[in-house]
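Letters A, B, C and D mark the chains as written, and numbering starts fresh at 1 in each.
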């Protein structure tokens, strides 16, 4: 495969998401036949020592200590935002104004209001844009989407989805600062609603269509934590757990739940969908498997089929190994890069776009509002 | 074991529950050392031919075509109510007035109001009473209760429970009449809320304490069905699916869901509880297993343990076979008879009593109200 | 159902198998429509006090302290042998000579030689006969047999089967006497080969046809144990573990293994069969499930289906509860009684007959010989 | 991390293993702190067009059409052999003679004789050497090795291991040539014995110590196939399936089995080990999980623990993502590169060395011999 055209990437942030994105930019062209070869031009972050080490490790050609400088460079085609949530809107809007393509880590903004401004910016600028809801590109989930699109399920009755973690149970865990900004509401925007439920919702909207109304409940189990930056014990303002009932436009009912207090679960993102003729379930702890039940099977042999999504005929898998050999978490980001680049070369628009990201935030905002109002809240259109 | 004292049982109803109860009365004394040997004195039902065949099969000594006659007999110590929901209150109250012990199939009444009258009757009459919430006596669940009572879980954060079935999806299924009275709201009282969620709630109250408030959603997916007795197509008045968010008095959050439209699930009663130090999960499709996670395990070896509840040290199991050999559904009823009879002989009061049954109905009533009001509803004390 | 004809049963032995058989005789007519109603006439055993308590518990009308007296009784139609292995041959042969039907607990004899004499006796006497290889009547296994008979698997390539236990690992466990005669080679005949592998082999012969040759290995891990009857530390003469490779007449290859030293496994009887077009697997720890893989499924949706064998359309299950509600271990014996009685009423001969039991012992004998000779051994025809 | 020293790699072969190795050389330094940074100097293969495309994709600086030229280059430190089995010995011996480090894809040679010559070559030349038995570096398996080394299992009674595939069942599949040389005995040496069982054996020797004797059985189910290179229908000379019983020096018994005819299994490499105090099991279809049973757990809570091997405290995992996020197949090769390079920098010798690889081939040779001789065969020391 000849890959003569370069796609010059400038990334903001070198944390956990900086690593997953960088890996994806490097690996995608080796496993997928892409017309553009991503070039790791520059990485930007405030801590110069750290950003230099990061650049060396991943092969970025240069570093910047200010994202504004990155955006100002004429040799950058695409800005990849991998920094904390409170920076997303400002960077994305500036990048769009500068005519750069923008890929933004999820959630798009801290609120729907921020997200809407970001949508306006990229759509006005007509720049390709995407949100890193990486789980849409788990092969098992892509297969499920295909089965749904083929109308194998018939009328949908139920959808349910969880994201269960347990890493903040200890009262001794501080909040704020590097690695712990997800507990700081001013940076993160919200707790598990924006961090975890946003994944569940993005996927649900994609698989099952729009949500029309929600009734929600949130909880903060540990009320005070020491703040890493101030050194003070301060009230915890994020939601530790969040759950909601909802209805979809297609008439199905659903339950969603996310928490960081479900002892024994590390990153258990689950989903299940029940239709008239078929059902399916998936979870992140065995992301290479899809559970499928088909009512049209012969009666005495009906059961849940455990499909090991590692065959060449499964989504993305002909680009990897041979049947039986599983891929892991980081591959979902590689697939996202591949699809984004293929779209640049005339493929279908790669979703989720910023507008799709806004749709999710309209739901997360309604969830947070409903938890306060104790009322059912309607979801506006994105 | 010498079992000289008889306990004379008169049962009302010969349907599915008539069979499970009869089996339990016969088997309990063979596997448990009981001071009273149940004697199957009489069975009552309107259809005389059928009730005779039933009596012959199970060894009942006589039949009655009217439950009033059964209650009037002086040779009956205990009335076992295994007839449809709309008959429970009248029979139970009459039996209590006649000084009989009463065991009543669940749900206790069609409404909390009916249930409260039944509680008043048995408590005024000071007769032993119990509701057949049989799943409390699954050995795996009893072990879980024991672990909770030993405070192995610490503070409880989450509880979730489902009851998923799929047997009413077809629009051609009629409602009403024998075998299908559960779809007829005048007989059943409600749909899955009283039939299925009642099991989930009874068990949750037992394991996790009182529920304080609920926000619910119900749905009737198939709006009209032919009625078996009238022959007419009539509106379906029961709830096909029911779900709710709630809070427990202990501060934990919970989600409950029941449906008969979850394609691929036959009788999937599940529960999970997450505490500070431990979590556990169980489901009815493999009722002989308990999943247990203990955070106090050595870090690198933490995981969910799959416990095959078939050892002599497990609840009830020394009375059955040897390790590895599983028991099934009907054994839960046998355990209930054993515990009830042991209580008569000076053992602890066998729960759930009618008062416990009322507590469940106060929740199911609130669920049905909340689904209509679209508001959070508080739960009164039983 | 009118069951006017009685089938008078006399049982020998009141141990673990005495309980499972007695339960089966009592329960079968309640759940299956049988032309003959079993009558528990008498139980025989040397310990008179114990046998009386046993008779009272299960409802046997009388007791005998000598099995010869039982056989001599004219009011007994069928002798059910539930005593230790060293008594099987003598009792069965005497019963056949007296013209009684005979049902014998497995293994048929301690050796193929004993088994052959038993076959000769029942066949000469033309009396109905059966061996209690109860696992043939697990509904999931019966369904598998049906699928094989319908030639859904095509050419068979592989068969494998295990029976893993862990209850004799402690060196402090004594051998011999009540409850522990399975460790005493003079009573049991062999160790796990006759006790456990015999089950694996009986089922394999039924499902996959004759075995032609074996290469085996056995081991006695604990070499000496105190004998409960003599009080002396004596050499252990049974095999603690036994494994073999073999070929079937249909060209397939197989591995079998049984042990009482597989820590963590209680009674894990497993089997798997791999054919050209389909594969299936089953195990005793979840006996109500069958795993099934069908290559003719659509490519992208191929997987192992987990079938919950609790539907009315599954073997035996319309006689039990409703979909989703599982049965357990003792039900396999009930099914065996039902099939035996149906055969008396003109149904197909109920297998395994004594001749089928002999076929298994020809394999277990060859396994024990091969383990000593360290050579492949051919299997003679039963 | 500053990685100033380069390690110049020359690879032979661009097939499936060429990809996994190349990925490993590229990824290892990004995720592990290594003193030497691998440099992809050159790739060698006969097909110049293909090798150029391969070099471009993976970033090799140059290509060679003859491996002898590669070995002759002074700028190459290490020869990585990823070509078919029949080339291993000649290349490895030449590379060692030239003083290069050698990493060789498994199996080491087609026979123990070839392997022994390779061992002699690298040991005489004192060059670092390693065989790509990649599955030793699955984190779950490394944890198991650690648990065994800590003597948590006590005396070992049983070991069993399978490698089940189903990709050669069709009679229409040809043999020989690119992608199908594994079916050509002249190239592969043997069938599943060398291809699959070699993995099982290497891991067993590592985990459970030396094997002393084997009794084996092999089968070729499809006797003739069209040869891709000659175009002729020719006899199939490889073993399609291979199984053996064996004894280990530690007194444990074992069963091994590999096949390409187990319908429904893609690459199901399994292992289980049963000790006096603990047992463990693992399989490749969920390589990120370890099953562990500990008899020292509290009696009523004993069970098999399902450990999701994704925590920072698990082997290799602190270098990857966060708890709950799984890695896949290719990571095992990355870990192998990391360990090899760490050994160059003063770490422990990275196993399996060529001598370890020879030990495996002494077993596979004995298995093939036993299958022909139909006798137990002893295993010589490597």
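In this text, contacts are C-beta pairs under 8 Å (C-beta built on N, C-alpha and C of every residue); 3 or more make two chains touch, one makes a residue touch a chain.
The shown structure was predicted, so the numbers you read here are calculated from the model rather than taken from an experiment.
Between the chain pairs B-C and B-D, more C-beta pairs are in contact across B-C.
Taking each chain's centre as the mean of its C-alpha atoms, the one that lies farthest from the centre of chain D is B. Once the centre of each chain is set as its mean CA position, chain B and chain C turn out to be 36 Å apart. Averaged C-alpha coordinates give centres for chain A and chain B that are 42 Å from one another. With centres taken as mean Cα positions, chain D sits 55 Å from chain B.
Residues of chain A in contact with two or more other chains: 265, 302, 304, 308, 311. Touching chain D in their complex are the following residues of chain B: 143, 290, 292, 294, 297, 299-308, 311, 313-314.
Residue ranges of chain D in contact with chain A, taken from their complex: 1-2, 16, 20, 23, 29-30, 53, 56-58, 165, 167, 265-268, 284-288, 308, 310-311, 321-331.
Only residues 157-158, 160, 166, 169, 215-217, 219, 221, 241, 243-245, 247, 251, 253, 255, 257, 259, 261-265, 274-279, 293, 295, 302, 304, 374-376 of chain B touch chain A when the two sit together in their complex.
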